[in-house]
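Next up is a structure, given as structure tokens.
We just call them A, B and C in the order they show up, numbering each chain from 1.
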């Protein structure tokens, strides 16, 4: 299998504060569905912001086999679809259509292609009849799904989601889980929802204090209760 | 959510709803301009102008009296025009004493006062109809087409999107303040004005910081989707024949009001 | 609903076409300059920042607090926007706020929007920023005090401009409009000053970097100090003139063709139309205005010092 994303020895500090990433390395292959877990402040979100070059620390990030530099940033951003935790930050346009069209438009695609991409992306998240709705009228669950559509419309090679199930009621959470299961795309998902991890992701990466402390089969990691407790996690 | 109270759009599929937003913006502005241009006491023209408004109401499927019910919001401002009742020379109608002054209402003053109120009352209704029949994002598109600088329309689009989010935050802050400001019976509650002002200012400061941090996150979300400093927009509106015709017809009718008003 | 319009939003119908158009022209020129400046200096981050700051100003205008006798203080925000965003961005943000209030909520008219933007978005920003800029390198207490004065004055300038536009349009009697507008807004301005100072002091405590060197706040040139001072001088000199001796101003307006002689000259109709508690000569009232401004300055400096001590 081809390797779509890899990170080598990544270090990063915010301003002069203590380091947020202290040497992180990982590799994702095509079709992988990987959970990223760890306590708050472990560096999960910081790591995600490096994957398409929004933050740039020391170390190397490879997207689709190419080393991330300032020059190939636009291409990399189209390949790594990053969805932020709070859908109100992700959906910044007045209407659903404008938001889903934002990515393709800024990739410089022609108008017809943009329209087609919007249709496909909304279909993929089962929201095609929401095209002309205004974002502030949507429920949290709907916003989360539209947020995923806003990056799917860029045809990414890998989907990176930050806390997709946070703040959802049980039904919206179930809908989202089914959606994630169906999407035929490589995924890296950060979450505190250990039942989601158990149900959806064969592989799990555990981060704590800026380091990856475990990377392996979800079943094995979740079986080690002592290890989970040490890193502020709970067995589902 | 509370902030739904901010929505002014009324869903329907009427003739007016289907018109291109540019048409509605242009006709609304022309209508307001026309009312402002009509001379004082042009009752016939004001009457025709009102019929035009009722007709537009009817074409919008919202009911002939739709804007009437909402038309009194500008009325408190009429206070500022009260002085014209007394300050324009003319034949006295009635005189009374108010505090230190002997005030005389003149016929010319009354004419001016009534004309100001009617202009305001008609104009505000057309503006109400505009936002009731046009989704706000479409109004922003219309402004883009009408050559309003992109940076300004973009700020307005962001403002509209985050208005709802931030107003909800304000409601939460206000509620938290209320929950903590209990009053003991017989004791003057709430502290000094300066103290209350400071509490309100702290809330504003907090809201500012949250908004500032949010703008960082939104910026990241934009970067993640290929934003590089230049904004591209896609604008779904195209003027059809009926849009051109309606604009022309409406402008001609409005022009006729001017003729009637000045004859 | 909590949304309460500030009393400066002029609805359509209250200004005549000439005045509306003149202020649209002035406003469009100023906005054009602001667009050119921000486009030139635009960090790509500034677009979402200005957009969300516009939503912030809009939302912050809803934060109110009881002052006295059923009135409540709240924020107009021009001075605050100018101080935290810099003058040009502040103007664009205020323009967006006023445009949405007029377009979406009919809070302020469309034909008169140029005047509303001028009064609430341009004057307030120029005064707010000009004053603040003059003490950029001074202590936090001084900056807060001056920001308070600027916030108060910015509201007074907006009120005076509103009164003058109403008068030029033949909608209000000059003297009454000026006195009524200024006395109401002298109170409202205190609310503005209190909230602006407290909000800024909160920002100084938590994120001083947003107001320090290299921030958007430090971007405006020294020319703004001049603009702020000149506008304030006009306010301080014109208000007492207009309220105590309106004849002079009316003469100018008639000469410039703004109003016809017929609609002014209220003295023929109401001979004893003067306020007993204001002086009769322009000089004495100008002096009174200056003394008033000094008193406010003194109070604001004391308030700023005490805020600095407690924070």
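Worth a mention:
Operating definition for what follows: contacts are C-beta pairs under 8 Å (C-beta built on N, C-alpha and C of every residue); 3 or more make two chains touch, one makes a residue touch a chain.
Predicted model, so just to flag it, every value in this text is computed and none were measured.
Common neighbours of chain A and chain B, by the contact definition above: there are none.
Each chain's centre was taken as the mean of its CA atoms, and the one lying most distant from chain A is C. Once CA atoms are averaged chain by chain and compared with the all-protein CA average, the nearest chain turns out to be B. Centre-to-centre spacing of chain A and chain B amounts to 41 Å, using the average Cα coordinate of each chain.
Note: centroid distance chain A to chain C, computed from Cα atoms, is 46 Å.
Rounded to whole angstrom units, the spacing between the C-alpha centres of chain B and chain C is 20. Residue numbers of chain C whose C-beta contacts span two or more other chains: 48. Counting partners per residue, chain A has 92 as the residues that reach two or more other chains.
Annotation for chain B: residues 136, 157-158, 160-162, 165, 214, 218, 222, 227-228 touch two or more other chains.
Interface residues of chain B, counted against chain C in their complex, comprise 2, 5-6, 8, 28-29, 32-33, 35-37, 73-74, 77, 80-81, 83-84, 86-89, 100-104, 106, 112, 116-124, 127-128, 130-131, 136, 139, 149, 151-152, 154-163, 165-167, 169-171, 173-174, 190, 193-194, 196-209, 211-212, 214-216, 218-219, 222, 227-229, 231.
The residues of chain C lying in touch with chain B in their complex are 1-3, 7, 9-17, 20, 31-32, 35, 38-39, 42, 44-45, 47-56, 58-60, 62-68, 73-75, 80, 84, 92-93, 95-97, 99-100, 102-107, 109-111, 166, 170-173, 176-177, 180-181, 190-191, 194-203, 206-207, 210, 262-266, 268-273, 275-276, 303, 307. Chain B contributes residues 3-4, 135-137, 140, 157-158, 160-162, 164-165, 214, 217-218, 220-228, 232-234, 236 to its touches with chain A in the complex.
Interface residues of chain A, counted against chain B in their complex, comprise 49, 52, 54, 74, 77-78, 81-82, 84, 86, 88-95, 97-98, 101-103, 105-108, 111, 114, 134-137, 150-151, 154.
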